[in-house]
Amino acid sequence: MQVALFIPCLSEHLYPQSAMSMVKILRHIGAEIDYVDGQTCCGQPAFNSGYRKEIIPIAERFIKLFRHKQYVVAPSGSCVAMVRKFYYDLDIHPNLHQARDDLAAKIFEFTEFLVDVARCDGLGGSFPHAVTYHDSCHLNRELGIHEQPRQLIRAIADVQFIEMEQSDICCGFGGTFSFKFADLSIAMTERKCRYIEESGAEYCIGADSSCLMNIEGFLRRHGKKAKTMHIADLLAASLGL
Amino acid sequence: MNLRASSTRQYIRTALKNDNLRQAVNKATQTALQKRLAIVEQTPNWEDLRLRAHSIKQNVIEHLDEYLERFEKKCGENGIHVHWATDAEEARTIIKKIVRQNNVASIVKSKSLTTEEIHLNPFLTNLGVETLETDLGEYIVQLLDQTPSHLTAPALHLTRQDVGRIFQQKLGVDYTENPHELLQIARKKLRQKFLQADMGISGVNFAIASSGAFVVIENEANARLSMGLPRIHLAVMGIEKLIPTFQDLPLFLKLLPPSATGQKQTVYVNIIGGAQYDVLGEGPEQVHIVLLDNGRSKIAADVELRETLFCIRCGACLNVCPIYQQVGGHAYGWIYMGPIGATLIPQFLGLHEGRFAPFLSSLCGACHEICPMRIRIPHHLLKLRNQVVEAGFSKKGEKSVFKLWAFLAQHPVLYRLTTWLPGKIQIIYRRPFPAPGYWRKRALGLFDSRGFRRRFLDEQKQRKRRANIDQQHGMTT
Amino acid sequence: MNSRDKILSEIRSARQNPSLSATAFESINTAGEKAADKPPKNLPAMVQQFQKELQIVAGEFYLADTEAKAVDIIANCLKQEGFSRLMTSGTPGAERLAKRLNAAFTILSPPADQERKSYFADIPVALVDVDWAIAETGALVIHTRGAKSTFPYFLPQCLIALVRSSQLLADNQELFDTIEDKDAQNTMMITGPSRTADIEKILILGAHGPRRLLVIFMENE
């Protein structure tokens, strides 16, 4: 099983550790890792801000880079949603339509890949802490990935998994939204963090670095005890990788 | 009404500080959502109902001319006077004419967003016609000279104390914050008005194309009274409100009330197909219907965005929206609010005037998930954002930034450099960068100047070296 | 070009763009599940469901196997509320019962002119017949076409409705599949007493219409 890594911008530059954890887990289940050098961004920040024309070359470049891979896996739901779903809203060159369709069918979010493709029911391991899980919006609603991460968390032998209130309510990040309407975004983050705190969990697990960055920033600034953790880091830690 | 960026931001800031408002909005939306969920859970084929309703509306919007012609013909047969209005001004002119011809001195209205859309109340008041809202929430909001803050619960942003003070000031009654007493005050005032009024005005929830009848649903009986007591009834209807036949109505009745108020069915479903009650001297002698375009036919031209015309104004997307829950409906600056409002504002008011609305969303998608008509609201918001940008109405300088960024993203070495640099800078500065608003209440996420690529490639090299050593080692032993 | 033609031509040009549905009114056939697909009627279960749904929306349900029993129930309600006057919908069933109440209560016959509304507005209670009742929602269905008085259904504080077992239908789909369009065209459906929750989402019964709704279900008719 050959897995080509798609490392989104935030993972590349802010959370390389989480991406490294993903690599360890993928190796652990026997995947052969392939890194496509020269990859950059999928174009999502511009797309969400209304710039479509501008990112067509980025999308086309992305499709070409990954078109011949068996599987493409990324530690982010929103970036996978961008490629799998929103590339259809771009005027991609007709010659690349087939490649776009193919790529849409073989690009996977990390937990989705583990559970649905690699048929991994769980990795076991040990993580004797109370954790809760935040459903990132694109992951949950665009890709329908809700159960997979929970299944992987529950399979850890001694973890205490607590569902927080409204685990699927937006954390308030929303990309450029968090700059454009900073006050509103913060109010939303505050609410999310309240739910995390009320759950009593030590760690809020997530599968999208963008939401985690947002939540973590708030928790840390306000001196909250709860910490965030990418699910790849959780799995790697539980296996001692 | 003000849709400018600065005023929207200002409004949001004020709203966020108003704990009363936030509590009221929060309580109201959560109650509606819980009640909705209880019914949806009892309805095993809910998803199937949504799909069917979606395809019926699609059919209607894609053949709207045929449906409208049939509706007009059938209304004629039923004795309903049909009027066509291309825009708000024409609708007002038509209504003025009917009012004048019939010497109408007082009007009772039941809740209708479409009449808000054409600013009917101030217009009629200026004509010297007493025009009263009769839905309790609308009545309160009208006394305050505000517009509704929710599609189905207009006074949702007010507490009972607020209402007590409003009644005390505007109606000259003793202060009470007992909701039962407040209702009695309003009922008594309005009952007299109902009996005296010359004309009743309502909106339309659904219009039956094959039969020339329209449906108004409600709980308070105020629509029933406004349709049943005055000698003239007038309904203002957006041209998208049609459904094909009466046999389609049950489906929509199954979807709308749960989504709106968490009821299985509203207390009243009023169906009017002509002035039929005159035998006993009851009910309207004349029924008028104003078919309002006001930009809808243009919206129908876009293969994707025409889906926004499927909306049945239930307000579920408002209730579930994490942004609406924080600041309520007035933040959007227009009568259509919340996620669906954010799609309608630029389409009705123009991309320039409405350039801000599509961005007032974190694109979380809860609206699409809950929408009984399965309108892909985030999808349409994204498309409208693109239209705002293409029309040149985005923030100054933003385009150049994204163009530069797009250039860099096609050149990996440069791209790496631009993200490597802030990492280096941050090590020295460790201070808010680059968006102060964002960072004010959130700690800094630190760039890692080494990045994943460097780490991975280094690790890869080490692994290779180790593998080589192992191999050599293997050969020597 | 007048506004009508302007709007229609605008829509026709919008239709130049691709659409997914082929012809108008194509949804008619898919709208309702065919009556044949439905299980046979189970009247006792439907009555039970009707009662449950009616009570959920704060309506009151009484079962009456004879008219005498129905008269008792009505008389009790009137005494309880302290009402001495009663109006009816003028339809045969309500009229018949009203005659039996005549000894103890004043049955009013309203004028048929402009005074009618104010006359009705003061009357606290009405006894009415309905055309249909819906088990799925607890709704009463009244066709308002023709020489039927409608005021009694929404003006009084208290509404007493007579429902016969033959009038009970499973759901709205059955209703609209059963009735003719010309009846459907002028119809009101009433599901429970009028209500509002416009102040802090607090439910209050009796907004602009009745605050009490009693349904007397006549089993044997």
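So that you can tell them apart, the chains are marked A, B and C in the order they are listed, and the count of residues begins at 1 in each.
Note that a residue touches a chain if its C-beta (ideal position, glycine included) is under 8 Å from a C-beta of that chain, and two chains touch if they have at least 3 such contacts.
This structure is a prediction, so every number in the text was calculated from the model and none was measured.
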item	value
Pairwise touch network: line, ring, star, complete, or other	line
Chain of greatest Cα-centre distance to chain C	A
By count of C-beta pairs in contact, the leading pair of chains	B-C
Distance between the centres, which are taken as Cα means, of chain B and chain A, whole angstrom	31
Separation of mean Cα positions, chain C and chain A [Å, integer]	53
Multi-partner residues of chain B (at least 2 other chains)	none
Contacting residues of chain A [partner chain B, same complex]	5, 7, 9, 11-17, 19-20, 23, 35, 37-41, 43, 45-55, 57-58, 61, 86, 89, 137-138, 141-142, 168-170, 172-175, 177-191, 213-214, 216-218, 220-222
List of chain C residues in touch with chain B within their complex	2-4, 6-8, 10-15, 17-21, 23-28, 30-32, 53, 56-57, 112-114, 116-118, 121, 136-137, 139, 144-151, 154-155, 171-173, 175-177, 181, 184-202, 204, 206-210
Residues on chain B engaged by chain A in the complex (per definition of touch)	9, 12-13, 16, 322-323, 326-327, 358-366, 368-369, 379, 382-383, 385-390, 394, 398-399, 402-403, 405-406, 408-410, 412, 415, 419-420, 423, 435, 437-448, 450-453, 455-457, 459-460
Touching residues (chain side chain B, partner chain C) in the complex	24, 27-28, 31-32, 52, 55-56, 58-59, 62-69, 72, 78, 84-86, 90, 134-137, 140, 153-156, 158-160, 163, 179-180, 182-183, 187, 190-191, 194-195, 208-213, 219-222, 224-225, 228-229, 239, 244-251, 253-254, 261, 263-274, 276-277, 279-283, 291, 293, 297-298, 300-303, 306
